[in-house]
Every structure is written in structure tokens, then in C-alpha cells.
Amino acid sequence: MLTLEKLSAGYGRMRILHEVDLHVGAGELVALVGANGAGKTTALRSICGQLAPHSGRIVFDGADTAGRRPDMLVRDGLVHVPEDRALFGTLTVEENLRMGAWTASAGDTTTRLDQVYELFPILAERRGQVAQTFSGGQQQMLAIGRALMAGPRLLLLDEPSTGLSPKLTWTMLDAVREVRDTGVSVLLVEQNAKQALAIADRAYVMESGSVVLSGGGGELADDERVRKAYLGL
Amino acid sequence: MTDTAVESRPPTRPAGPAAPPLRPQNRQFAVLAVLVLLAVPLPLILPPAQGAVAVRILIFLIMAVGWNIMSGFGGMFSFGHAAYFGLGAYTSAYLLVEHGVSPWVGMAAGMVVAAAVAMVIGYFSFRYDLKGAYFALATFAFAEMLRLITTSSDAVNGAVGYQVPLIQGSSVGQLQFPAGSPAYFWIALVLAGGAVALSILFRHSAAGRYVVAIRDDELAAASVGAPVMRHKLLTVALSGAITAVAGAFYTQYYLFIDPQLAFGSSVSIEAIVTAVIGGIGTIWGPVVGAVIVGSLSDVTATLLATPPEFLSFLQGRSGLDVILYAVMLILIVRLMPKGIFGTLAEKVAERRRR
Amino acid sequence: MSVLELSGVDKKFRGLHALSDVEMSVSEGEIVGVIGPNGAGKTTLFNVICGALKPDAGSVHFDGSDVTGRKPEKIARRGMVRTFQLMRPFASMTVAENVSLAAQHHTRGPERLRERAMEVVERVGLTEWAHRRATELPTAGLKRLELARALAARPRVLLLDEVLAGLLPAEREPVLDLLAELRQQDGTTLVFIEHIMAAVMRLSDRVLVMDQGAVLATGTPDEVTADPRVIDAYLGEEPTPHADA
Amino acid sequence: MTATIDSDAPETRAPSATVAVLKRAGVVGALVAVAIAVALIQSGSGIVVWQSVVTGLLTGGLYGLIAMGLTLIFGVLDIVNFAHGAMLAVAMFLSFGVVAVTGLHPYLTMLVTVPALFLVGALVHRGLLSGAGGATLENQLLITLGLSLLLENGLLLFLGAEPKNVTLPGETHLDVFGAVVSGSRLYAFLGAVALGLVLYWMLQHTRLGTAIRAVASNSPGAELVGINVRRIHTLTFAIGAACAGAAAALAVPLLSVTPTLGEQFNITAFVVVVLGGMGNVVGALVGGLLIGLVEQLTTIYLDGQSSLLGVFVVFVLVLFLRPQGLFGRRT
Amino acid sequence: GCGGSAPSGAAGDAAGSGDGPVRIGALHPVSGSMAVDGLQMRRGAQLAVEQINDSGGIASLGGREVRLATADTQGKPEIGQSEAQRLISDGAVGLIGTYQSSVSSNVAVVAERNEVPFVMDVTASDEIFQHGYRYSFRVQPGSAKISESAAEYLEQVSEQAGKPAERVAVLHEHTDFGTGAADAFETAAEKLGMEVGPRISYDATTASDFTSQITQVKASGADVLVVAGYYGDSLLIAQAVDAVKPDLDAVWGVSNGAYDQPKFVSDAGELGDRYFSTNYHFDAQNPETRRLREEYRQRFGAPMRTGAVLSYDAVQAIAAGVEEAGSTDPAAVRNGIARAEIDPLTVGDGPVRFGPDGENVNSAAVLMQIQNGRVKQVYPPEKAESDPDYSVAW
């Protein structure tokens, strides 16, 4: 579904990622963990087309994404939930969700809206509320809901548990798993390594812009080096 | 489980460039001196009509230097510099016509008044944290208020404005010379040179460095001890004072001032256009801009008044010169988004780096 | 004697309680680590201390005098200087100019100023970059620049916001050494926010743990890392098996 | 965003926003009432003040009408479009031309001016304002300024400066409790209200409108849901220009059509935009009415002063007290 | 050639020594908001030059031709000043212009310092003539003169109609032009025993509706409304008068930019009927004027305005000055102009003759009224095409 080949990227001349190789298979939930500033977000930004790579290739669904803007990639089914959620703060919940389905037909919009409301009932309850008055956790749900509205085939999630209480974190990660179970591939960036690894099929560990470890989710969770890389313990 | 060795970042430490001179202003002063010296014989060479254009260029230059200090170095985009220009013009005209005060004293008084008003406007705008387009519109509103108030205020002759009385012969003290006298150009040259010198001095002073840092990042500057409000006020005061010089000299050269000429929005626009075309936030941008903008309208007018053969169909079509001017304006901005000097300087710097 | 003292500090952003009733006291020459989950309010705390934000309630005392709500530049000039988590270089200036700007309020004359700046630049290891534009620096360089700029302002209390984040383990060492040396040689008091626990453990005399805008715990590094509340809120524990996992 | 959120705040905040707007509207209304009362004392003639109020509101409608396109552009694109007045002039000439050639009813010329200006707007945005050259405030200012000079003098060059006038067929005057209201002004006012409502409806209830608001609210976010942000920008600019087209057809019976007529409205329109809150079309309408009133009352308060003085004083006060405008949100 | 190739040195050299055409400089705003009038005036001057050449050029110089050197002031004083300088250094023996008082003020100074005569065609401000300039002349009556005539005519016409004006409301634009006219009118009217009030000023650049001002006039019970304004605002005022229908005996333009224009008649239609205007005006009784205006209409497809006729007269004045002086030395031309007498195509009390202050001693204002869709001269009787109809249309 998604393959990064020796991807280097960064901001301006500043290079953050160094020759990253990474793969997400169809229907796979892959976790990407690493410390603050390791470059996880930068990797996601490059994949979704916000950031032009310095070198290397990003192949999505068999095609190189070079030169494609995020809105084009959304049409192909690659949807990114950014770290800052990028919600439309002045729009209502329902408007946010409907905007999520910008590329979809009217019929799809209605069915997906129902699905999202079923997944996050709180959103249905608050459908008329303006997004910027939402709490952090609610905003995070809305962001994921909005992404699902586009009917993604590959979902990039950047720290969806940020700002969530432990309980909500589990709800969230459960939801992510449910999404995966419907056949959507997921690339999940989480600082919350422990929990991310628990649900992931496979995982990569990143440090200072490079992938330093990879393997099955469970395997990595037991790895001493992962504990060290993540918590510094 | 795959395992990759921990890679460290490749060492990308180039040998740094050499230290810049300790006093970069020295070179700029040298360039300024050369420019001034080159300009001195101009009024003797140029035909009188072009001599007048040259003086106009110098007035634009002073205005643009003033604007650039506040909006270029300081990043506070003023759309109301007519206020300071007008205060300079009116203060000197008022003192001269109503009280017979020498225009030189009037000029100094105008600088003080303009600086004070700039600080008041600035204080309120900064206090209420107006930024970007809002700050620009606020400065515009103040300039317009001054225009409207002078227009209806009998104390300064209302809409009629002031006409500077003609004297016989020439007098440096009265700042008046026969028509076409090179003295006007020379005095303007000294004033403009002084303005540029001030802007060089300011840019490299401790205050100037603070101001640039505040423009780049206000909070970061404050966090290392830059007194923000004080330096912003200092900047607008200096900017206002320099612009007032242009206003006072304008009055003495053109011998006539009215509210529209002094405080009209076209004055503010001229200051902006000149500085932006030249290169905002640079020492030489306003200089380059003044030469280009100041002569642009003359060139287009001359071209259209007596067009070359293949353009003869243009002769006498009104509005065409302004259209030409507008097209050039848009082209320059589109092609050189950092102004003529700014863009060229960047290109040179880039080439040097390679 | 405590050089920095916070009592009852409260800060709200609209409905968001970013700091609630924070008490904190730092003694002269002490090194205090501040940890806590993302969004716990650590940076906000620094912002309040240094005058970038006015607290809604409570007071900040520096060196015995009340500096609550004073302007950032006043506080900086008195000797309490901070760095920024999201680096904020002066984009139009070179590295050396960035640093000398911070030194210019206590240094006269361009030669002295340049010497000062170059000393500091050297100290953080940016000598090769001294005369390049600050924006050309890589992340690690920018972090160093943040540190250098703060040092150049001659701090007595230095507040560091994640200066190690983004540095390779190898790159962290000299910075840690520098910080230790600062206290030793100059007697600087350090308060630092950090997620890299190894550094927190090694450097701090005392650790302050924040969560949801409040102080969750304080103590020595060992005490804190053993505190179940801290493990629960920040460090995390062994994965708990989930319902259907 | 972890820290505590007051648990029931979200529910209460949505309605409280409307309450706040209503409260603000109340304050504004009260201030206006006081201003009118003072004017009454000052002038001593009820009918004069009443006529001023009516005239102020009618002229205000015209200002609101002209400001609507501007506020859309300002709010979504952050572009201070100095060429808006010139585009209005272009549209007025077009309207005049259509009336002169075909004898169409002036209001029907909207069928021509709106699409034409839409096209002009799209071309201007694509050609001049998008991309790096049009990125900074000062560059936008110079480009739109150059454009306004270009349009004004283009009109002058090809159509001459002779003022052109269009009369409304069947112009009437109504008597509203003693105040005189001319039909054309009333229709323009109603047109402004209608256009405001149409725009409001478009922005609030259509897919495109929601997308425009989405782009204004968070353009990276909009890109991430598949919206072509640049296209929306161009579209918004074009719609803003088309509003000038609509305004032109409504205002053409009221004004002498000259190449420079836009200058007169540019500044007032900017004041109205800031007053109403950027991007807020209904705010623009309200702001317009307010400015219309302020102008009229200024002439009563300050005899011999330009009515603009009052406008600027109000403008500066609003900027200081509420930089986000009367009905805008602070970002 | 262009300015750049003009010879340097004292102004007048080129003209004095050359034997090419005699250059007369014409400065008008042919771009910007005043462009219509500017263009009209430039063409008027052009027609004068052609007329002079057709009738044999300057006789005292052996039939040398005259040429018009034109310049666009853009309505800006500083452009006007540098353009004036350019024309002078290109060898102009005299200048005409400039329509706007602020531009004329600047050009007058340039003329004075270069010692080149400057004959103003349209320039309302009287201020310029208070400095004792030797080289400034003006063909049109000054603002004060027009206003005084307006008051006088008002008194006489209203008296004759049996409805003597007692209370006069004044509506004027708020800059130099309108305020000056209103001030002078007020002084003169009060001297004649009329009461002036209310006086209402407005900003012509922003005003777009005058209903409340006219309501104020209506409420005041004034019986005459004096309007001193430009074209657009005066038209709006007429529309407001039509809407409010105040109880007036007459609407009385003073130096008004609209009420004596054929264009106003077509733009305002019925509303403008019976409006009065006191202003300088082309002499509708003079067959020469008729011929000229006819030619203008044929050549340029628009009616010739008074401003253009004044420019025609101004060029004639300079040509007469050259003729009189027999020289192209500007200083000599100046003296020639001061001595010359020219038959004007504008209304006057006699030939154009300049007094020591530079003003045309025989300039005069005439009262016009819109009657049956035409602008007619109605007062004083010796200039009248028909009798004034002291009444209103509504």
C-alpha cells in the first residue's frame, strides 16, 4: 500500500529525515514510535504531500506521489490526521465532518456520517456545536471522524492520543483498530509507545530522523532497547 | 525482527564564512560618500526640467528612508506616513508665514512635532496590539484625520493652505533661491545624504539591532532583554522626524502646501511604493526605489509626450502614462518580490555562497 | 535561600485551565527538572515566570522581589532568562548577531561585544556557524543557539525548555556537561523542562512533575520516578491487557 | 490540550456566543440611540435628525453592499484588495454600457456585470495575486494598487472621464413618517440586504460556502480533506469581485459613473469591513449601516467638518477596543 | 525632442534665437479625475493655435507660426511644477493653465521665478493674486467677483420677480473652492440686506446623498438655495431637492460646476429645470464663439465647455502679447500681454485687458438658467438670451 524508499526530507535546507525505509501493507496497522523531535511528524507530512522530499521515493498504491498535493492524494484515499488536528474551528461538528467528505458523493457522505456518529456517539450529540469549543479529546475524535469521512484506504494518524485521558486513549486506539478491521491500512504515530505497540501489527522505532528498529508490535514492546529509546529508562 | 544499526547524522559542518567587518557601517558610509560626490555635479549637467525631477527624487528618497526605518527595519507597516510629511510641511510653513521663522528652524520644529505625534499614535497602536493590516489601517486613519482637521481649521488657513512668500535673490537662511538654482538640489542632497547616514547609523546601533530583533520575533527579543515598547517608539519617532524633513523641504521647494498635498493618502503611497520597489528593510532599497519611481513618471510622460515613431499612436492619450506606470509597478513587484535592491542583493549573496 | 518562588499561580485560556494553583520554589544554585505529559502546562509555566504571559492569579517572586506580570525584558535584564521550546531565532541575523544581541545590554563597544558573543558561541560549539544566517542552522544547531542566546544575556537563573530534544545521544553529552559546568563555575540556577529521562535523572537535584496544569509531585529524581502517580500520568507502567486483547 | 476543560463549558458556550453577539448588538444599538438623542438636542429639529437617520441607513446599505465582496476577500484570503473600488467602477461602466446599448432595466444588467466581474476576479487572482509574488502584505498592496490605477486609467483611456448617469425608469419618492426616501435608494438598500442574505446563505448552507469557511478557518486542514485550496481562493476572490458586479448594478442609478468613483468608496468600505469583522458579510451590512449613520450624525455634530472625520474617529476607537471588529472573533 | 535633449541655460534662449514656431505651453490635467475638463481645455487651446496660424501667424514676427506644447499635470501640483519647468526650458514664451487652483499656485511661482508669463484660463482661487506676482494673469473672473455678482443678480432678479430673496441657504463643498465662493457670497449678500443661513458644507469626495442637508434647508424656511460645488455633488443636490421639494423660490448656483453645463441638462432632465447659475461663461451672443463651438463639436463630438473657451482666450492673450512685443523674449512678452487687448469669446464687460494685479479688468460673470432643456444667459439684460424665470419647477 505504502512504501518509503530512502526518504530524506526536512524544512528548507534543514534535513530532518535521513534515508528512511518504511512499508505499510494493505489492511495493516503499523505503528511508528520515537522520542520528541525524532521526525515522525515530518515523515507523515512528507507522505501526505505537505512536504516535498529532498530525495528518495514515496510510493502509494503503486504510484510515486512526487509532485502531488495533499488534496490530490485524498482523492486517491490517502488521508492524514495531523498532530494539531487542523479542525475548522469556526465550523460546527457536522460541517467539519461533511467537509471531510469533500471528495465523496452525497450518498456516501450520508452513510459515512452515520458510521462516524456510531463510532463516536458524542459527536452525534454535539453535531451543532462549533469545533473550537470542543475539549481536546473531543477534538481528537472529531479529527479522526473527519478523516474517516473521506473514505480512506490509508490513514495517517499523528499522535491521536495526545490530550486524551488514559480511558479515552483506549477508546481511541480501539477505534483505530476497528478502522483497520474494516480493511483500511493505518500508519499510527504515537509517543505512547506501549499502547501503540499493543495494538499494532508491526512497528518502526525512529530516532533522530532515522529508523533504528522495526519488527512485530508485540516483539518490539518487549525489547529493552525500545524502552530505552522511548522513555530513556 | 529486523534490526538496523543506529546511524548518526552525517557531519555537515562546513567551514564557516569569514567574520564580517567589525563596523560594516564604514563601508556603507563610504558608498554613501561616493554616491553623494557623484551626485554633486548633476544640477550643472542636467537640463532644468530634469534638475527638477532630480530634486523630486531626493524628496522621495528622504520620505522612503523615513518610512523604511519604521516599516522596513521595524516591521511596523505604516500606511499613514503622510501624517509626518504633512506635519513637517505644515509646521515649517505655519512658522514661516505666520511668524516669519526661518524655514530651517521650522524644519527642526516639524521634526519634533512629527516625532511626538508618531510616538502618540505608536503608543496607542502598540498598547492595543494592532498588527499587520490593522496597524496599517490605523495609521492611515490618523493621517486622514489630520488631513480633515487641517482642511477645516482656519488656524492653518483651512483648505487654502500656505503659499511661501517669494523673496528677491537667494538666501540660504530663508532656503530660497532663483528658479533652477542648483542650490536646491545640493541642499536636498545634503538632507537626503543625512537621512541615509542616519539610517545607516541607526541600523548598526544597539537600538537598531534591538528593533530588527523585535521585528523578527518580539517575544524572543524581549526575553533577552530588549526593551520592546521603548525601541518601537524610538523607531517611529525617528521615522516620523526624517519624513518631516521631506515635508518641510517640499514646502520650501514647491513654495505651496495644502491639506491634500501634505496629508493626502497619495503621499503615504508614494513613500511605500518607493521603499517597496527598492527593497524593504535594506539601507539602499529606498535610494534605488527613489531613483526608479521618481524618474518613472517623468520618463513615461516624456515618452508619451514625444513618443518614438513606432509608438506615435499613443500621443496625447490621457491616462496612458499612469497605465504604463501601473504596469511597471505590478511587473516589478511580481518579478522582484523583495524589491529591486533586495532581490538583486539576495541573488548576489546566493551566488557568492556557491 | 530561594531565588525563584511561585505561589498560587493560575492561568486559564478561555475554558482551558492551563495552570492551576502552582507552587514552586527554587534555591540559589539548584538544578530543577520539570517533567510531565504533553500539554501539562510546563511551557506555560515558563511563560508566566518570564513575563510572556500574565497569570490570572498568584505571584512570581524573583530574588526576593515581586516580578508578577512585569515585562519580559525587565525580568531578563534582572537575570532570569529562558529558552524557547519552538526555537525562535532572529531570522534576519547571523548566529553571532543573534548571540551578541542578547549581550548588548551589558556590554559596551563593538569589539567587546563581538568577543563576548564569540566566547559564548564557542562554548556551545557553534563556532563554524557563527557568521551564517541563523535560519540555516539544523535543528540541533538551533537548540544550541537558543542556549547560547540565553547564556549571553548573563543569566543568574536559566530556564531551559527542552534544549535536548532532537539532539542525538552523542550530541547531548557536551550540552549536559556545559549545564553542569554552568552551575559549578558561574553558580547559575537551572530550571529545565525535559522529556529525556536519562538527562533528568543525571542533572537534576530535584524534579517537579506537572500534570493537567498542576504540580503532581516533587522530589529527588529517584523519589519521583518511583511515585505511582507519576508512573501513571507520565512514565507509564507495564502494558495492561486490554479487554479483548 | 490536556489540562482540565470545565466539564460543562462546551454545551453552554455555543448558545453563549449568540448571547454575546446579541449583547454587543444591544450595546451598539444603545450607543446609536444616545448618539441620535444628542443629535436631536444639537440640531433642535426632529425632522432633520429623522431624515438624517433614514438617509444614513440608506447610504449605509450602499456601503454595506460595496463592502461585502471586500470582506469576503479580506476574511478568507487576507488580501487587502485596493482594487475593489476600481473593479466596482469597471462594473458600473459595464452596467451603464449595457443600459445605453440595449436599454435594459439597470437592475437587469446584473446578468452581465456579475458573471463579467466574476471572470475578472478569477483572472486577477490567478494572474496577479497567487504565488510568491503576492505573498506579503506590502506586495499585495502594491499589486492591487497598481491594478486599481490600471483599471481606472484604462477606463479613462477608452471611455473618457465624462461622468455617465443612468436614471432608474419610474423613479419615485416615498414618504416615511416625514422623511423622504427615493425609490432607487430603497431598492439598493433592499438589494444590499438581499445580497447579504444570499451570501450568508451561500456561506452557511452550501457545500461551496462551507468549503470557503473551512479554508478561512484552517487552510492546511482544508487541504487535508481534499479541498483544492488554491481553487477555493480563486473562487472566493472571484465571488468577491462578482459582489462588486452586483453592487454596481444596484448602485448605478444612484451615482455618477466615472473612472475614479471607486476611490470614494474604497476607504469607507475598508472601515466597514473592519468594523463588521473580517469575512463577516452580515457584519459588513451592519457596519455599513453604522458608518452611514455616523456620517450623517457627524455633519450634525461637527458643522463644517467632513463626515469622514467621524467615520475615522469611530474606526480608530473600534480598532482599539475591539480589533476583531464588532462582530468578529479574535483569532 | 524630449526634455532631455533641450538646451540648457537661461530660459528663453531657445525661443529668442530660434526661428521655428513660437511655443506656448499648456498645462492641464488630462488624466485623473479632472481629465474631462483638462482635455477640453487642451483642445480649446489647440483650436486657438490653429486659428492663429490659419490667419497668418504672428505678424510682427513675419508670420511665424505658433505651436502648442502640452503637458499633463495629472492634477498634482508637483507634477504641474516640474512640467511647467520642462515647458519653459523647452522654450515656451508663455504658459496657460491649469484648471486647479493648487496646481496654478505652483505654476505661478515657477513662472514668476523664470520670468515667463502665465495666463490662467480657469483658476478660481484669488489667493494667487495677493502676492504681487508680475507674471501671473487671469482671464476668468475670480471667485470673489463671481460670488459678488451672484448676490447682486439674486437681489435684482428676485426683486423684479416680486419675490425678493430674504433668507438664503448656502450649501458648499468644503475646500478652498466652495468655501471661498460661499464666504464671498455671504459677505456680499449680507451687505445687500439678505440673511444668509443655514450654511452647510460637505466633502464632495465622499458625499453620495444630500437628502438630509436639503431637509435641513427645508426646515430652515429659506427661500433661495445657493449651491457652490463640483459637478457630481451638484447633480446629487439637484436630485435631493427633487426628492425633498423644499419651499424655495429658486436654486442659485455660484461658481457651480454643474448648473450651467449642457450635460447637467441631459443628466438631470426635468429636475434641473429653471436652475440658475452665476459663473463665467462663453459668450453665447458672440458669433465667433458659436463658430468655434460648432467646430469643436464637429471635431471632437462633444459640446465645448466654457473652460475650453477660456483656454482659447488665454492662448489668444499670449499670442497678442507676442504680437505686441514683436519678440519671443518672455519678459518682453509679459509686457506685451500687459498692454494687449483681446476680444474674448467669453462673456466680459469689454475686451480682455489685464490690470496691474494681473486680473482681467473686464471679466464678468453672467447669470444662466436652464430653460426648456437649454442653458440660457438670462442676466444682466445686455447679455441675456431670454428673461429670467424666477420660479421653481416642483
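A, B, C, D and E label the chains in the order they appear, each numbered from 1.
Criterion: a contact is a pair of C-beta atoms (placed from the backbone, for glycine too) under 8 Å apart; a residue touches a chain by one contact, two chains touch by 3 or more.
As the structure is a prediction and not an experimental result, all values here were calculated from the model.
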- Going from chain A to chain D via touching chains takes a minimum number of steps equal to 1
- Query: Which chain's mean C-alpha position is the greatest distance from chain D's?
  - Reply: C
- List the centre-to-centre spacing of chain C and chain E in whole Å, with centres computed as mean CA coordinates. 75
- Task: Calculate how many whole Å lie between the centre of chain C and the centre of chain D, each centre taken as the average of the chain's C-alpha atoms.
- Result: 48
- Message: Report the inter-centroid distance (CA atoms only) between chain D and chain E in whole Å.
- Response: 38
- Chain centre separation in whole Å, for chain C relative to chain A (CA means): 31
- Message: Can you list every residue of chain E that touches 2 or more other chains, as numbers and ranges?
- Response: 31-32, 35, 39, 174, 201, 203
- Touching two or more other chains - residue numbers and ranges from chain A: 15, 133, 136, 162-163, 207-208
- Task: Could you check chain B for residues that touch two or more other chains and list them?
- Result: 8-9, 12, 148, 151-152, 318-320, 322
- Note on the structure: Seen from chain D, its contact residues with chain E in the complex are 43, 45, 47-48, 51-52, 54-56, 58-59, 62, 153, 156, 160-163, 165, 167, 173, 179-180, 182, 185, 254-256, 258-260, 263-264, 268, 295-296, 299, 303-304, 306-308
- Note: in the complex, chain A contacts chain D through residues 48, 50, 69-71, 74-75, 79-82, 85-91, 95-96, 98-103, 126, 128-130, 133-136, 138-139, 146-147, 149-150, 162-163
- Note on the structure: Within the complex, chain B is touched by chain E residues 1-4, 6-8, 11, 30-32, 35, 38-39, 70-72, 74, 76-79, 81-83, 85-86, 88-90, 102, 105-106, 109-110, 112-114, 125, 127-128, 131, 133, 174-177, 179-180, 201, 203
- Message: Per the contact definition, I'd like the list of chain D residues that touch chain B in the complex.
- Response: 74, 78, 80, 128, 132-139, 141-143, 145-147, 149-150, 152-154, 156-157, 161, 259, 267, 270-271, 274, 304-306, 308-309, 312-313, 315-316, 319-321, 323
- Contact set on chain B toward chain D in their complex: 71, 77, 79, 124, 128-130, 132-134, 136-138, 140-142, 144-145, 148-149, 151-152, 265, 269, 272-273, 276-277, 280, 317-320, 322-323, 325-327, 329-330, 333-335, 337
